[in-house]
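Both of the next two complexes hold chain A, though its partner changes from chain B to chain C.
And now, the complex of A and B:
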């Protein structure tokens, strides 16, 4: 009997995942996060079955929007008063709150039902790698990034860059911009 | 029209009003407020409810099919195989199980489902269907924290 009881606990236990949002498209990531928040990655999934997991998202400051969406994507807000409408560009919103774009992407990827607010409470967003210890100790799984994170040129070893095979030697007076 | 029989002079009025309305009120018994007591309001809502019920019979089937797909897809991802690859490989192996059966196996008989996934994976590998995910490579262990934090 006790074995079945433990099996029950293990089946319905909430798993804590961690996801590194650095260099990831927030709108593609939202689909992945939504799946884990709602528990759609479990074969026991049912819309009425409260089997969603927690997801900690780190490095939301370093998300990568596709194309020129930093300049073109607009977030609408209305205070409710006359003339209270405001439109904020994605880059402006991101400077105000580096977690907001990802949060809204996840929120909008879910159906607008009563469960959505409670599902969102299981999403923990952090702009960088500073995560409270009491959250971090729950984590038992890391979600795979959707696209590989490119390594910046200035993060490579200086000698490695210098000795990397070149096609041509640039002239001395060539101005590199 | 000429009536030859005296019986046909009596106006035929269908079923009695009480019994006719009672059928509707029985369907509206669980409604709130005047919807259950006033006939003209009750019949409006009963008609609307019956339309929903008619549409719902179709939608229920679609919803269940969606749920089965979600469950089978979740089961497939746990074993590192794409849903479409899984179904295609099972078909090629002549394991002709329906979505409902597969969903039941994924939910209630995870070990049976795992063996099906293994069969599908081997078949997909043999047939060169290159849709197997990289699950084997990920250890599922939090190792990023051990690396340096100043990478960004």
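And now, the complex of A and C:
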């Protein structure tokens, strides 16, 4: 009996997830975050069933955009007054607020209904790894990153780079700069 | 130039009798300050007695009035870690069967000079297609700041201090490379 009772609690509990956004595409990540924020990964999901989870996103400053999207992607804003239109490039927006691109990506990935603002309240964005202790103590799950985080060449151990299998050898008399 | 070349440095210092062994290129000798002698009249080719090229180990032996200078070509430090190419027709990268991505900096750095330039094809020994693909991948890796120690001298070595939009992380799609 008691097992069923705990299952009942666990079903309707709000789980707290943590997601590391370093080197992740914000628009691919938005789909994953939306799923967990709305509770679509749960078998009891229904649009009228308020079963969404909380997600803490860290390192939103270190998101990665493909190719030259930092200077090609444009965010539009209009104040409502004549001549109030403004276009901001992605890198400009990211310099002003390093969480804004990810926030807008998640917001725009959801349908524009009355639930959207309340669902966004469950998303906690942080530009780096500094998260308040009272939020961090709730976390019980980590969401897997969508892309592997690349490692820089100068962050490898020097011996490891030297002893890594080599595909080519240089000619005997070649002077390497 | 095979064999032993014996020459007298007349006018500078009469006690210098230099025997050069294994000297492949002998022409103008420099590296001894003002000591400069023309040995061969046809053409001027440079030969250095100091170890500035780092491909030869210079050994100096003194006995009496003679100084014997020997140059040994030193072994490549890649030799013990070299992957053997079993296929006698394919280039090293084709034969390895690897699908290299721009994040595989440990592989890409083998085809790059210390200033971040791609090595020419006569040195890498790659087929023309792989040479073009690898040079694109090297560019991608450098632009995403994954090889900051192998970058052109004018670029910022810390990727997070680069110019405006260049300081943010970016990745590339390998399917956008023109050559398949």
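Throughout what follows, the second predicted complex is superposed on the first by the 154 of 177 C-alpha atoms of A that agree within 3 Å, B and C clash if a C-alpha of one lies under 4 Å from a C-alpha of the other, contacts with A are read in each partner's own complex, and residues count from 1 in each chain.
Everything below uses one rule, namely that a residue touches a chain if its C-beta (ideal position, glycine included) is under 8 Å from a C-beta of that chain, and two chains touch if they have at least 3 such contacts.
Small disclaimer: the values here were computed from a predicted structure and weren't measured.
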Touching partner for A:34 - first (chain B), second (chain C), both, neither: neither
Looking at A:54 after the superposition, I want to know if it touches chain B, chain C, both of them or none. Which is it: first, second, both, neither? neither
Compare chain B and chain C by how many residues of chain A each one touches, and report the one with more. C
Pick one for A:167: touches chain B only (first), chain C only (second), both, or neither. second
When the two structures are overlaid on chain A, which partner does A:44 contact: first (chain B), second (chain C), both, or neither? first
Quick check on the superposed pair: does A:156 touch chain B, chain C, both, or neither? Answer first, second, both or neither. second
With the two structures laid over each other on chain A, which partner does A:124 touch: chain B (first), chain C (second), both, or neither? neither
Would you check which partner chain A:62 touches, where first means chain B only, second means chain C only, and both and neither mean what they say? both
Determine, under the contact definition given at the top, whether A:141 touches first (chain B), second (chain C), both, or neither. first
Chain B and chain C footprints on chain A, overlapping residues: 22, 62
Chain C residues touching chain A - in the complex, by the definition given at the top: 53-55, 73, 76-79, 81-83, 92-93, 96, 103, 105-107, 109-111, 113-115, 123-126, 144-150, 164-166, 168-173, 176
Footprint of chain C on chain A - complex, ascending: 22-23, 25, 62-71, 89-91, 94, 147-148, 150-154, 156, 161-177
Spell out the residues on chain A that touch chain B in their complex, using ranges where they run on. 18, 20, 22, 40-47, 59, 62, 128-129, 136, 139-142, 144, 155
Chain B residues within the chain A interface of the complex: 67, 70-72, 74-75, 77-78, 103, 106-107, 110, 113, 134, 138, 140-145, 149, 151-152
